[in-house]
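What follows is a set of structures to go through.
Here come two complexes built around subunit A, the first alongside subunit B, the second alongside subunit C.
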Partner chain A sequence: MEFNFSRNYFELFELEAQFHIDREVLSNRYQTLQSQFHPDRFIESNDQDKRVAMQATTFINEAHKTLWEEPSRARYLLELQGVSFDSEQDTTQDMDFLMAQMSLREQIDEADNQEDPFETLDELARKAKQEKSLLMENYQAHFNAQQWNDAKESVLKLQFFTRLQQQINQKQEALEEQLL
Partner chain B sequence: MAYGEKVLDHYENPRNVGALDKDDTSVGTGMVGAPACGDVMKLQIQVGDNGVIEDAKFKTYGCGSAIASSSLLTEWVKGKTLDEASQIKNSDIAEELALPPVKIHCSVLAEDAIRAAINDYQGRQVAVAEKQSA
Partner chain C sequence: MALLQISEPGMSTAPHEHRLAVGIDLGTTNSLVASVRSGVAETLDDDNGQALLPSVVYYAQGELPEVGVTALEKSSKDPLNTIASIKRVLGRSAEDIQSANDYIPFQFENKIDSVPRVKTAHGPRTAVEISADILIALKDRAEKTLGGELIGAVITVPAYFDDSQRQATKDAATLAGLNIYRLLNEPTAAAIAYGLDQSAEGVIAVYDLGGGTFDVSILRLRKGVFEVMATGGDSALGGDDFDHAIANWAIEKLDSTIREDDITMRRVLSAARQAKEALTNQSAVVINVEGYASLELTQEDFEWLIEAYVKKTIMACRRALRDADIEKDDVSEVVMVGGSTRVPLVRKQVEKFFDKMPHTDINPDRVVAIGAAIQAGILAGNKPGDEMLLLDVIPLSLGIETMGGLVEKIVNRNTTIPVARAQEFTTYKDGQTAMRVHVLQGERELVSDCRSLAMFDLTGLPPLVAGAAKIKVTFQIDADGLLSVSAQEVNTGVSASIEVKPSYGLTDAEIENMLKASMDHAQEDMVARGLREEQVEADRVVEALNSALVKDGEALLSSKELESIMNMRDALIEVRNSADNVDQIKQAIKNVETVSEEYVARRMNNSVRSMMQGRKLEEFEQ
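Now for the complex of A and B:
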């Protein structure tokens, strides 16, 4: 059995390497590949084939996960262009952006004191979603103009909103528990 | 994940949490964010005429290690000159708190924050001097 590990994720699923993809096509091709290389099909095979099947499955899953969500797809496209990401060292020092982030986090903290905490959190969630789609638009504009650093900045800023959304969810769950 | 004793102490009893007036010309404000974890850190210093840091405050939204790193840093910089403070390395913080490798970036964040605060303060002094000579 053979599996070509040198293909990039778009090539693997026979998709154009671009931000807009048809998720239904991705989903179908993922399922086809997954069943083709599923380790269960190689129980009777030799160790070499078993190992390749296992590695191929891991590769296929990782590829699917990366392309499925917009933020990770955006980041992967930049990596294909040679832009590197370093989670240890990448920091943002855009003061206005960070001030706004801090203020949003304070609003989550203080949601308890509002008349309708859930409405406050819903409003924050709407805002986060809106900001995310704005950042995605910025990303695409920068990417198309080959402004890689600016495109990277948009991806990094996006991650703060992803974290914010998690914090809003946690707060909602905490408040719901208090009601029980 | 198991946190070390010093991290826990700073996390449970953070020193110098709060804010200084960011419009005061003797105050420098540094803000940094770590996209990987979404942490946001604000560090402020109040500097005397002799160039010594008189007070420091922080506010951090992040994990225990990020809070502990900024708390420890505010303790360290008080009484230091700007020059001395800018020489603090993230490795000093990581070592003092015995941060595990996956949390080293929290100390990097703290180092970036104090640098940014010093830069902000120095930028303000230049602006003040220009205004006076104008």
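Now for the complex of A and C:
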């Protein structure tokens, strides 16, 4: 069996390399590729083919996950343009933004003390979603104008919201466990 | 030897031959085996027409282990040699078992050891060995019924099983002489069983409450592809807890010293189970324990006793929906699995939560085995036109320990597998040549709250200034959800040697020892496995050498040196392909290593030099 690992993720799924994609089409192509390359299709094959099948589906899964979520898709598009991200050091320098993030995080931590902690968390999640979609619009405007650095700034900020959402989920789970 | 019969796809020598493959539901309370016969998946019965094999093993001195009903009958006579519910401790450490605080109906050896061993008349037995005895009984039944040797099996595990529990299940199968095609999540198997009759598209929630485990899975079925969107549950919650709740209630009312008497304790438990079953279609039941007054248990009291457990399962459903990023309304079907879903309160609560009538048409005890059999048939190639495919996820997040006892997540739960993640580590001391990596599984932030999977040392790092060595560690999770780790020093390309020590569970060596001690063909299996591992090692060495030679072989070596390295390499390839002896391959690898020693040293020096140069340049720029 053969699998071409040198394609980029958009090429892999035969999609145009742009921010707007049809998730339905992505899902369909993903499942078609999985049907071809999943290790279950090579259960009686030799070890070499089994290994390639595992690597191919690993690649397909990674590609799908990257394009499925908007923040990772936005970042990947920039990487294709040669913009590099260093996860250790790259972060936004926008102090107002960082302060706002800190305040959001504090509100999550203190949700316990609210009358209805779950409602507080839901409200925070809604707020985060709104700000996220604003950032996404900014990103697209900058990306279309080929202002890579500004687009990168939006992506770095988006990553904060991904983490924020995770924190909200964790908090919800912790609260649920307390209820039991 | 099956391992040596490698056939190219589409070149099967006997295309019409029906290959005997089975699905096995290795349950906490009962186990089943099923197979597709004449196009229909059905469970296989024993000589007495029973499909359910109680997951109970009885060890009598000087006799073969007894499994199933006959073993169960021994439980009140000789409780300590009758092992039940072994699945609860499969793949668990002694520490886990103590902290679970359950009533475990058998005794462990006192010896402090990473692998808990149960005391029996056959001496100490691990959970893997006891599970293997159950699997052997099922295998024998299947081979007798189907009239031939099995070529493969799909074994189901709770979706919530972590890496060590999955590995332990696989080890038990190996020990039982089964060729494992795939470990399959139980809820997914159930959905497959239902998928046969109803070619529905949509989102399916599978609620699986068995004897000892609870799982909920959210699946998407579309165009023949089952995609697991999320799973959740609790690997230590099930119908047994209902029995214990009733038993505890009864003991409080009768006599609390019963707890100290194993035999009476078992009687109370079995009376509790009968009461629970009777309450499926009665509003009250009378509990009788020999030598004590009768007690009446009403449906209402029973529901009060188990309410907290049922609530916990509903909470897990809510969480799974959130992980799948869908709403309750998006769920189009709800499937009920596991004997404990017969409890009226469970049905009521599930129906209320999803606001839908759950599917209960297939016998909830058998549905998992039937689904596994269908999957086994497809994997064996018995249904060539079948396009059904299963995309599974990792049930628990995978992370590594960072400074301060915190866990950094590398792969989040519910990521589709197979998946690989690379992480770069660096040294923090000058001249550091080794580094320890601690892999954990779980959702919590603290190391102490997660499950320790493996601890390994990266050794043979080039001794550089702190922070200069970059080690890329790749975590690969295969389609069974099992983890393997490889590491490479980024600058030199040298693969660091990794010794993976399971924090608990059985080491490969221990399993090999068990294999040696067990069946006749164990010897063959082991040799083949050792050979295959050595061949993989040989491939790795050749690959690493080739990629190094491409980079700087000509720059660092004289043509004569290059030639002798290549000769040794070709000799290794030759031996790898022809030898049937591990030692020959080992020797050939060693030869390659010896002849390239000088080359490796030069590469190392070269890299140190370039690194130091890079450093000076940086400082100069500042």
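Convention: the second predicted complex is superposed on the first by the 171 of 180 C-alpha atoms of A that agree within 3 Å, B and C clash if a C-alpha of one lies under 4 Å from a C-alpha of the other, contacts with A are read in each partner's own complex, and residues count from 1 in each chain.
By definition in this document, a contact is a pair of C-beta atoms (placed from the backbone, for glycine too) under 8 Å apart; a residue touches a chain by one contact, two chains touch by 3 or more.
As the structure is a computational prediction, the values presented were derived from the model and not from experiment.
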Have a look at where A:R29 lands relative to subunit B and subunit C in the superposition and call it first, second, both or neither. neither
Return first, second, both or neither, reflecting whether A:K127 touches subunit B, subunit C, both chains, or no partner chain. neither
Which holds for A:T92: it touches subunit B only (first), subunit C only (second), both, or neither? first
Which chain, subunit B or subunit C, is in touch with more residues of subunit A? C
Could you look at A:E173 and tell me whether it touches subunit B, subunit C, both or neither (first, second, both, neither)? second
Identify the partner contact of A:S45: answer first if only subunit B is touched, second if only subunit C is, both if each is, neither if none is. second
Which subunit A residues lie in the overlap of the subunit B contact set and the subunit C contact set? none
Hey, which residues of subunit A end up touching subunit B in the complex? 87-93, 95, 97-99, 101-102, 105, 156-157, 159-160, 162-164, 166-167
Touching subunit C in the complex, subunit A uses residues 1, 27-28, 31, 34-35, 38-47, 49, 54, 57-58, 61-62, 64-65, 169-170, 172-173, 176, 179-180
Subunit A contact footprint on subunit C (complex, rising order): 6-9, 152, 181-182, 222-225, 227, 308, 311-312, 315, 318-319, 322, 378-381, 387, 389-391, 415-420, 443, 476, 478-479, 532, 536
What residues on subunit B touch subunit A, complex-wise? 29, 31-38, 40, 42, 59, 61, 104-105, 108-109, 112, 116
